[in-house]
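Paired with chain B in one complex and with chain C in the other, chain A is shared by the two complexes that follow.
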Partner chain A sequence: MDILVIHLFNALLYASVLFLIAGGLSLIYGVMRIVNLAHGNLYAFGAYVTAWVVGQALAGAHPVILYLLLPAGAFAAALLGAILEPTLLRPFYRRAEEYQLLVTFGLLMILEDLMRFFWGPYPLTATSLFEKMGSLKIGESVYPRYNLLVISIGVLAAGFLWAFVYKTRFGVVLRATSQDMRRASAMGVNVNRVYIQAFTIGCFMAGLGGAIVVPGQSAVLGMGVDALVLAFVVVVVGGLGSLEGALVGALIVGIVREFGVSVFPEVELAVLYLIAVVVLLVRPAGLFGRTA
Partner chain B sequence: MSTVPLTLQARSPMKALPWAVPVALLLFALPQAIDPYKTILLAYGLVMGIAALGFNLLLGYTGLLSFGHSAYFGVGAYAVALIFKYFHVRSMELFLLGAILASLVVSALFGFVCVRYTRIFFGILTLALSQVLWSLAFKFYPITGGTDGLRVPTPTLLGLPLDTAGDKILFLARNYYYYVLGFFFACVLVMWVIVNSPFGKALQAIRDNETRAEFVGIHIRRYRFVAFLVSGVFTGIAGALWVPLNGLTTPDILYWPFSGEIVFMTVLGGFRTFSGPIFGAVVFNYLKTSAVGFTTYWQALLGAILVFLVLALPGGIVGTVVQLFPMLKKRFSR
Partner chain C sequence: MPGPVTRRDLLAQLGVTAAATFGASAAGIGFAGVARAQEKPKGTIPDKPFRIGHMTFFTGPGAVLGEPMHKGNLLAADEINAQGGLLGKRKIEVLKADEAAGTDANVKEMRRLKLSEKIDMFMGITSSGNTPALGPAAEELKLLTIFIDGCTDFLFDKAVPNPRYVFRVTNIQSADGSTCALAVAQTWPDVKKVAHIHPDYAYGRNCYDHFSIVSKKLIPRAQNVSEAWPKLFSTDFTSHITKTLAAKPDLLVTSVWGGDYISFYKQALQHGLFDKMKVATTLALGTAPHAIGKDHPEGVLAGVHANYHFSYPPGNRWPLNKTFVEKYKAKFNEYPNFQAEGAYTATHILRTAVEKANKLTGGWPDDDAIISQIEGMMIAGPGGYVYIRPDNHQGYKDAITGFSKNVPEYPFPILDPARIITIPIRNITAPPGWPKGEPTSTYTWIDQTWPTVKQA
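Right, the complex of A and B next:
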C-alpha cells in the first residue's frame, strides 16, 4: 500500500515539473504559434541560476532566506525570455515555420554553451535545501518532504495560471490574440506587448520548473535537451497550445514513466514516444487541442 | 524571403557539366595533394553530403522539414554494427545492403505515419519517432552496447583483401576515400535524375501548391511517401558509409540534436539548390572540426552562425552565390 502511495507521489512529482515546462511551451505556441526548441534550455537556465544563487548564499544564511531564493531561477529565465523575444524571435513571425525552428535550434546551441561558460562543465547542486526538510514516514517507508513541496508548487502554479488566463483582463486579451491575432490587433490590442508577455510567462514557468527540480537532482549540461523531448511528448499528447492538455499530458507522462521505470525499464522512454505517436495518429490535434 | 528564387532551376545535365567535371576531378585528385588527416575529413564531409542530399529531397523539393533524420542515419550505422556483431561479416557491400534494407523498412514504417502531416506536426512527429529508436539503442545494453556503442573494424572493400598492411589511417585516406567518392558520385547522379524526373517535378508542385497539385491529379500522400523512402535510404547509406570512418557507433547519432546538424548543414549550403546541401555538409564538417579545435564553446559559435544565416542569408552559401552571380555578370558586362 505505502509503496503505491510513494509511486503515486513520484508520478505527481514528475508531472508537476513536466507541466511547468510543457505548459510554458504550450502557452508560447498557443499565443505566438512558435515552437521554441530552446525552451528546454530555459528550464536548465532556471536550474543553474537557482543552484548558483543558493550556493552563493549558503554560508551562514538563514534557512528561510534560502527557500525564498528558490524562485530566483524562474525570474532569471523570465528576464532572459523578455530579452530574447524582441531581439531574436520577432523578425521571424512573418516567415515560414521552418525558419523559426532553425533559429530556435541555433539559440539552443548558444544557450547550452553560455551555461557551460558561466558555470563550467560540472554539475551544480543545491542539495542542502532538499536535505534540510527531512523526510516523512509513509507506513513503513520514508519519503522526502521536499518532493511534496515540489508537488504543491506544481499544483499552485497550475491554479494560478488557470486563474490568470481565464479570470483576468489580461487573460482575455491573451486568449483573443491566440484565437485571431489580426482581429485582436484591430480591436486595439498591442500584439507585440502580448507576445513579449506570453513569452516571458512561458519562460518563467520553464525556469520555475528548473528551480524546483535542482535541490532534488542537480543542474547538468544537456538537461534542457533531454527535457525538451519529454515536453514535446506532453504537448503532443495534450494538444499543442492547450494548457488543460499540458496538465493532462503531464499527468499521463508522469504516471506512465513512474510505472514504466519499475515495470518495463528498457522500453520506458520508447513507450512514452510511442504514446505521442499514437495520439498524433488518432487525434492529430492532441486530446485537448483545437483542430489544426 | 522574397529575394530567394523560389524555383529550383531545372538545368539540363549538359549545363551542369562545366562546373561538375572540375569539381569531380578535384575530388579525385585531392588525396594526392593533401595529408591523410584532411582526406579523411573530406570523406566525412562527402558522407554527410549524401545524408544532406537525401534530407533535402524532403525539405527543398517536397517542402517537409524533418527533425528526425538521425533515425535513418543511425539505422544505417547500427545495421552495419549489428551485422558485424552477429554474423561476423566484414564485407562493406554486405554492410551497405543490410543498411539499405534496414533504412528502407524503418523509413517505410515511419513514413507511413509521418506523411499524413505537414509543417510543424511533421517536424515534431519525425522527431518523436527518431527518439523511439534513440531510447532503444540507449537502453538495450546487451544488444547495442548502450552509450559504449559498438565497435566495427575496417571492412573489406569489393571483396579484396586489405592491402595497406594494417595501416588504418592510410586505408581510410586512400582505399576507403575512393570507395566513398564512388558512392558519392552514384548518389549525386541518382538524386539528380530523381529531382529532374516527372516524379521530382510532381514533388515540387506539391511543395509549391498542395491544392493545385491535387487538382492536377497528383496523389499527394503517395508521392510524399515515396520521397520519404528515398530520403530515408540515402541517409541510411550515409550512416553505413560513416561507420568505418568513425570505427564506432554510439546512440549520439540517433539523438535529435544530430538531426538538427543535418538540417543545419543543408541550410548552410542552401536548401533551394541541388548542390547546396553537399557544399553545406563539407563546409559544416570543416567548420565544426576547426571550431572544436579552436574553442571549447564551438557549439555557441555554430549556433551564432546558424542564427546569422537564417537572419541574413536564408539562401545559404550556394543560394547566395547563385543570386549574386547574375548581378556580378551584369556589372562586369556594362
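Right, the complex of A and C next:
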C-alpha cells in the first residue's frame, strides 16, 4: 500500500517539473507562435544558477536563507529571457519558421557551451537543500520531504498561472494577442510588450523547473536537451499552445512513465514516445490543441 | 572424478585476492613517467613536432570522463617535452577534437585530422558507441591509434578482429561486470535476491550480462528479482528506486556512473535504500573520485571500472602511482581517474615503443616499427603492469575493486585500503584463440569453461 502511495508521489513529482517546462514552452508558442528550441537550456540555466548560488552561500548560511535562494535560477532565466526576446528573436518574427528554428537551436547550443564555460564539465549540486528536509515515514517506507515540496510548487505554479491567464487583465490581453495578434494590435495592445512579457514568464517557468529539480538531482551538461525532448512529448500529447494541455500532458506522461518503469523496465525509454505516437494518430493536434 | 567445486576453490583458482598485496619486481620492464637518464638516440631525428589528435568528450555529460583523459595525455606530453620531446627531439603537440559531435562526424574528424592536420597518431575516445566506427576508419587510414576507453568487447571481437594500427589501453568492458560479481561472491556469498539498475545502453547491458553469467557460476542460488533501465545521463532515479525497494532484494547491482551516480546515491539515501540492502557498483568511484561526497555510505562495493583508483597502490608502495598522483594534483588541482591514468600510460607506451624501435632501426622509426614494439609490450603504469596482447591489441591489467570508506586525509570517500580486491586479468577474460562469441567472447568463455559451484 505504502509503495502505491510512493508510486503516485513519484508520478506527481515527474509531472510537476514537466509541467513547468512544457507549460513555459506552450505559453510561448501560444502567444508568439514560435517553437523555442532553446527552452531546454533555459531550464538547465535555472538549475545551474540555483546550484551555483546555493553553493556560494553555503558556508555558514542559515538554512532558511538557502531555501529563499532556491528561486534564484527562475529569476535568472526570466532575466535571460527578457534580454533574448528583443535582441535575438524579434528580428525573426517576420521570417519563415525555419529561421526561428535555426536561431533558437543555435541558441540552445550556445547556452550549453556558455554553461560549460562558466561552470565546467562536472555536475553542480545543491543537495544540502534536498538532504536538510529529511524523509517522511510512509508505512514501512520513507520518502524525501523535498520531493513533496517540489510537487507543491508544481501545483501552486499551475494554480497561479491559471489565475493569471484567466482572472487578470493582463491575462485577457495575453489571450487576445494569442488569438489574433493583428486585431489585438489594432485595439491598442502593445504587442511587443506582450511578447516580451510572455517570453519572460515562459522562461521563468523553465528556470523554476530547473531550480526545484537541482537539489534532488544535479545540474549536468545535456540536461536541457533531454528536458526539451520530454517537453515536446508533453506538448504533443496535450496540444502545443495550450496550458491545460501541458498540465494534462504532464500528468499523463508522469503516470505512464512511473507505470512503465515498474512494469516494462526494458522499454522504459520507448513508453513515452509510444504515448506521443498514439495521440498523434488519434488526435494530431493533441488532446487540447486547436486545429488550424 | 574430483568432488564438486566449492565457491572457495573457484575464487582461489581465479586468484581473487582481497588484501592490499602487491608483489613482483619491475626488473626488465619498461616504466612510465619516471625521469631517467636519456640515452642518446641512434641516427638523426627530425625536430618536427609529433602531433597527437586527441578526441574525447569536451562537452555534454561525457565531459566528466573526457576532460581527465585529455589531462592525462597532457601531463605525459609535458614530461616527455621537458626532456626535449620524443627521442629528445620531437615535441608532442596535442590537438583537441570533441567526441560529442556524434559518431559520423567523429569519423569525418578523424579523417580530417589525418589528412589535413597531418597527425602522427590518434588517441582518446570515451564512448563504446564510437570505437567500433573509428577503429575500422583508423585501419583504413593507416593511422596509429591508441584508444583510451570506449572499452566495448565488440571492438576487437567484431569491428576490428585483426587490428594492425589500432590499440586500446584500458580493460575491456566485460571485466567490469565480472569483477563486480566476483567481489560479491567473495564478500556476500549468501545473497539470494538481486535487483539491477543499469543505464540503458551498451555499457549497462554488458555489465548486466557479465554480472549475471559470473553470479550464475558462483552464487547459483541468487535470483533476479527486479530490473530497471534508466536512460543514460538521466538524473532522476526516484521511480527506479521505488521499484527496487518494492522488490525487497538483498543486493542491488548498478552500473550507473558519473553525474548520474551522484544523483542516484543522493536520492537513494533519502529513500533509505542503503539501509535495506547491500549495494554493488561498477563505476561509483571511477568517474571522478573527488565528485562523491562523504555522505556516501561506507561499505558499498565501489567499482572503478575494474581499472584504477588513485589511492591504490597506496603510499610509496608503487612509486609510479605516488608521483603520478602528485604531479596530476599539482597541475590540475584534482585527483586522476582511470581515464587520466589510461591516457598517461598510453602516451608513455608510445614513448617507450619509439625509443625501443629507434634502438633497432636508428633514426625516426616508421609506424610498422613502432607497432611491433607496442605489440606484446609490458609496461608499468601508475595502476600497475599493463600488457598489450599482440593478437588483439588490447591492453590488460589486473582488475581492481573495493569498498567505499571515509578517511581523514581526503574530503571524499576512497577505496578501503584494507579490503582492496584484485583479480589477475587473464583469469576473467577470454584467452587468445577463443572463438568469437555472443554477446561477447568472454561471456561464452565463462559460460562454457567455468564450473558452477555446489557449496560455499
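Following the convention adopted for this analysis, the second predicted complex is superposed on the first by the 292 of 292 C-alpha atoms of A that agree within 3 Å, B and C clash if a C-alpha of one lies under 4 Å from a C-alpha of the other, contacts with A are read in each partner's own complex, and residues count from 1 in each chain.
Throughout what follows, a contact is a pair of C-beta atoms (placed from the backbone, for glycine too) under 8 Å apart; a residue touches a chain by one contact, two chains touch by 3 or more.
These figures come from a predicted structure and were not determined experimentally.
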| item | value |
| --- | --- |
| Partners on chain A (chain B, chain C) - clash or fit | clash |
| First (chain B), second (chain C), both or neither touched by A:I212 | neither |
| Partner chain in contact with A:Y146 - chain B first, chain C second, else both or neither | second |
| First, second, both or neither for A:E112, with chain B first and chain C second | both |
| Contacts of A:F130 with chain B and chain C, given as first, second, both or neither | second |
| First (chain B), second (chain C), both or neither touched by A:M223 | second |
| Which superposed partner A:I3 touches (first chain B, second chain C, both, neither) | second |
| Which superposed partner A:L269 touches (first chain B, second chain C, both, neither) | both |
| Single chain B stretch clashing with chain C - from 55-63, 73-81 or 145-153 | 145-153 |
| Where chain A meets both chain C and chain B, residue numbers | 112-113, 116, 265-266, 268-269 |
| Interface residues, chain A side, partner chain B - complex | 35, 37, 88, 91-92, 95-99, 101-103, 105-110, 112-114, 116-117, 225, 229, 232-233, 236, 240, 265-270, 273-274, 276-277, 280-281, 284, 292 |
| Contacting residues of chain A [partner chain C, same complex] | 3, 6-7, 10, 13-14, 112-113, 116, 121-123, 125, 127, 130-131, 134-135, 141-144, 146-147, 213, 216-218, 220-223, 226, 257-258, 261-262, 265-266, 268-269 |
| Of all residues in chain C, those that touch chain A in their complex | 57-61, 63-64, 66-67, 200, 227-231, 233-236, 238-240, 242-243, 245-246, 258-259, 262-263, 266-267, 269-272, 288, 291, 293, 295 |
| Touching residues on chain B, where the partner in the complex is chain A | 1, 59, 65, 67, 113, 116-117, 119-121, 123-125, 127-129, 131-132, 135-136, 138-140, 256-257, 260, 263-264, 267, 296-300, 302-307, 310-311, 314 |
